[in-house]
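When the chains are written out, they are named A, B, C and D in that same order, and each has its own residue count from 1.
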């Protein structure tokens, strides 16, 4: 386990380092925090650490000394000694109290900084759901970057360095909690209520840089594979060649069910100009439906329960959904014909995405979170296009249905929580109808 | 046999430093006479009358002088009277007045604990918006319900909504073949969808199937293959309440086409600002106006007639 | 006395044949028998909960990973409770679900069925009347009822587990607990179990409060009571005042699942944070129901085993009451990540109040050792272990009460480590101390010192290996209730898991020692340690009615310098002349 | 040991011996009362949860609660309050009678108390719950004026005693919450609090009635008398608590506007 060796090496105590605050800080926090507030928090933490250690050592030393010195000796009764001493008792009541007051304020000051976002902070909308994170960027698009960690492909959220970012967070099902250890902060996320948190990340150290070419990217992947693991570094994005980045874990810290421990993401800090470049690359407004569908498959975490190559999973595979008969757990079924009729099929898909509970493909469990409010109509059209394209019975012209004077959808007036909608950025119109 | 010498002897009480026993003996066997009890009952009934009267009076006053008393006045008065009543019950009926004081102390502790409970809980829930007002209120008043998968009526509402969305898609598909859809139809679609969900939540009924069919006829043109297709689907599986909803809502949209409503949709669902809660859906406001009429089918039908078909298609 | 005439022997002597005896125990209203029955019930549940804990540790030994093999096929590794052949990412779910049920099982059992009743219901029931010089608790039949309610509650919980387990975590946070596995009643059954157990807890507390008020032996003033009584009394008050709130909370939660009333349900406008307030208004004070009796045990054992008058008797007594009082105004520190800023600030400030009486107690205990005559037997070893672990637990509470640091540590393994140091390192260690201390009194037999001390050391070492590592895990950002984790945490988890099995070893040694004591332990004297409190006046095991004559208190509970312990030969206890000057009361 | 001595023909309360661990009967009586007061305090805190939920949501969404209270009829509430107060009085009176050995009057009072309890439940279920569930309304129900619901001709129940009101039914607890006339989306909270509060209170009324019935039976058997009436006293305390809770529930639920 290379990680274990790393862990051991940077922790091996030597007379030189064991007395340094820095060594203890490494031991406790593994690395410096990634924001200025994290630094202040760590200072408080280390201060408390030494405070507690000294008290503890003092008390235990006293205790063991007494136990040894006053151990029972045959036939000897403890001599009379005072059973209380008012000045002493007052002293050891008052002195700790003073310390405690000081500790409270030390924590309180930093706390207020943590909860008060600066006025110039950029507000992004974050939606947590079982078991995925979703951030909408100012241009209305979601992060399309993902990385593989363990058995999961998880989203990567690019964030600009040295720029205060405020997250306006909401959950679409149960409680979650936004926790970035490197930021040393945490905020619970509730359904139906906004909570906010903010951070201003330090500039990336430059240790990690984006691949400078496709070849570079491939070599990284291969070297990772050769070590028997998976490459979970930066994807290849032309605009970001060689740009330094720094990755931080984003965990869900409020228990939220089966895949609570897989509900991770990566917050990737890049210089602001690079961030803006990246932002342009992910604007999904111009994407053709099929491409958008592919992208949504990863962004929305469909891949956590559905496969595209026919392998079984928590949910039915998307391979050959279109054009093949299926039976539902309530006994009803759809014929191949119905599944080939684009209208019927797309309606079925829309229903299954927005209210999965209505029709359950047997023998799969009813586990999917309703995506009503998370996908606008265009997204769904794109997904349908992608699903159709995965079938070997897909129409010859290719699966992307053309847009043709169709209603604008995904308006705030729909059940979509408006907060998740890019203000003033309405997707183009599409229709479920296939070209004939 | 149960008594120990110590317990029977009188010296025993001196040995007890706190005299609970002695005190108990005098405190417990008190007899509260019927006169006291009746007087207390009389007062209690009196206060009951009083509290009802004041409640009525407040309403009346508001009416007479056309003022609105702050809501806490009502609560404060009612609560203080209730407290007096409670004290009387405890003091006389429950004999706390004559009883071992420890019981009174205990009750005070209890109410103290209760006060702490209320105070600190309120301290949190009422001060959520102190730093950032957006945190104070619900995002969608009454809740989104999404994710509460095990809640039948929510699921029904959502399911109905999306099923309805499907029918609209079919409708548009059919329409796309005959004529171009207009922006009005887009609004209509959305409004129908929301109406379906909202009204479904509110459990409206009524025979709407035929209305919807006639609706289709006028929208698409009777006899076209598209019409037949949709009609077949609709008359097959379409749940009635939704159709009723659709009907009611659709007629409202007719007005909108004439001018106001189509834009209203966007205004009804702005981004939540400070101390502002979102309506349950885009059309809640309109529905609450429509509410009283809704149960009466004929009334709607009447509406329908007053707004001739065709207004919308330009 | 009359009642001595028609039966001899102690409360343990069988009333006849096997079934007669069983019936006699099942229907007894004798606080001693009920205490013993509680003890065994609790130890059994402790065993179950412990197994669950080990299972949890095993799952966490390795993170769940997909290894891509050379031939391109993938393999899922590190799942202890899932099919190894599982290849697909989504097949992590079965394993995780098992894990989630296990930690819920562990938490719920340990909190509701073990630690809350542990000391008050077992040692408390047995000792309270003895220490007060009473024949029984105030309401003996209520006492038996509370035991049966406890058993019924446990049966409910076990039913929920057998039906497939509950995955809400012992905190039942909404809306997860109201929406998870819809259509099944497991969660409802589990909440009902906790609800029922609450009644048992209330009845015990109510019984104790009245007993302490009304049944003190002649001559025993409030400040002549052993500190164990003070602690249990304070805890009992909390039980009475806090438990009903969890009652209504769980009731509403059940209504929410069955009738879908919406008080905590965001979908109906309800508020999950309100649930947290309801929940912690009980569940924080109850933390002190868990620890206060432990502190009481320590105060007594410490004084007796070092034959030394406790230092600052009144300070400790009032500290117990103080903690009980403060415990009602600090619950918000469980919610810093979900509460309003104002409330967080207020609760943080109040939280530090708890540290004061707690610190005072620790200081007093250590000062008591000064100039004592300390014997290092199992009870005393466990007392020292308690002081060691509880100090760590208490001090690590500071960064959690401090707002800025708590935002980082909240819901991480730091919290897990902290409350294990307080709950297990505190309450369970105190229970072990008290169990050894009063074992001779309860069962009339001595246990094997060497074995007991060996077990104690094993538990101590294993405990620190298991849980100190978790402090590092937490501060490095490992969240709670994770079935899997990123690689950087693995080394710590592995150390922790190894430690947990050392703990198991330690408790197995204890089990063996206790069984051996039943089988071959030598007859215990009435007062093996030379205690001065009234339970040592009674025989061991005590007579059915505790005392042959109603005892009359003539000296303080800890006047070791001036009093020859009951049943002791003054020759063995030569009181120095200078001690005899004035036998002053505290 | 309170073993019944069969040779002794005196009524039980004269033969009564306190539990063997008590020093005197008075001591036992006092302790039982103290113990029961402790239990009552748990009851108060149990309802404390309901009151807390009310307090919070009432303050957060006053609109919903005002509208909700308009769906209740204060007259039924007031009537129930009177019923409970009277029953409280008769309960206290019955204790007085037992203390003064007037057993027949004691029984009478207890009977009245029981009947009042029954009456309370009757009113609650017939005139308060049922209409909200079914849409059927008591003919004289003035609550109908609060909104624009219309009576459906010909749809009646209980020989025309109840009339069906279009759209007013369906205010059931929980999953069947429907609000034809709800303008405030937080109405579900009001109904949650209303049903939980009143239902749990009704449950306590039933428990209290069971206790009283037992006491009534035993008074007949001469269990209780001037020197031993712990159970009477204790049952009385419980009944008064039930009354106490209602004294607060009534204005909070019915008199809010």
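Everything that follows uses one rule, which is that a residue touches a chain if its C-beta (ideal position, glycine included) is under 8 Å from a C-beta of that chain, and two chains touch if they have at least 3 such contacts.
Quantities reported herein were computed from a predicted structural model and do not represent experimental measurements.
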Interface ranked first by C-beta contact pairs: A-C
Whole-Å gap separating chain C and chain D, where each centre is the average of the chain's CA atoms: 38
Interchain centroid distance [CA atoms averaged], chain B/chain C, Å: 43
Overlap residues in chain A, where contacts from two or more other chains coincide: 115, 173-174, 191-193, 195
Junction residues of chain C - those touching two or more other chains: 3, 175, 179, 213-214, 241-242, 245, 260, 262, 266-271, 273-274, 277, 341
Residue numbers of chain B (touch at least two other chains): 1, 4, 6-7, 12, 20-21, 24, 102, 109-110, 113, 117, 121, 125, 131, 135, 138, 141-144, 146-149, 151
Touch relationships between chains, expressed as pairs: A-B, A-C, B-C, B-D, C-D
In the complex with chain C, residue positions of chain B that touch it: 1, 4-7, 12, 15-18, 20-21, 24, 102, 109-110, 113, 116-117, 120-121, 123-125, 127-128, 130-131, 135, 138, 141-151, 154
Chain D to chain B touching residues, read off their complex: 1, 17-20, 22-24, 26-27, 29-31, 33-34, 37-38, 40-41, 44-45, 48, 51-52, 55-56, 58-60, 62, 66, 74, 78, 81-82, 85-86, 88-89, 91-93, 95-96, 99-100, 148, 166-167, 170, 175-188, 236-237, 240-241, 243-244, 247-248, 250-252, 255-257
In the complex with chain C, residue positions of chain D that touch it: 19-21, 27, 30-32, 34-35, 38-39, 41-50, 52-53, 56-57, 61, 64, 173-175, 177, 185-186, 188-189, 191-193, 195-196, 200
Interface residues, chain B side, partner chain D - complex: 1-4, 6-7, 12, 20-21, 24-25, 27-29, 31-34, 37-38, 40-41, 44-45, 48, 51-52, 55, 58-59, 71, 74-75, 78-79, 81-82, 85-86, 89-90, 92-94, 99-100, 102-103, 106-107, 109-111, 113-114, 117-118, 121-122, 125-126, 141-143, 151-153, 201-204, 279-280, 284, 288, 291-292, 295
Complex contact set, residues of chain C against chain D: 3, 129, 134-140, 142, 202, 206-207, 209-210, 213-215, 240-245, 247-249, 251-252, 255, 258-263, 268-271, 274, 277-278, 545
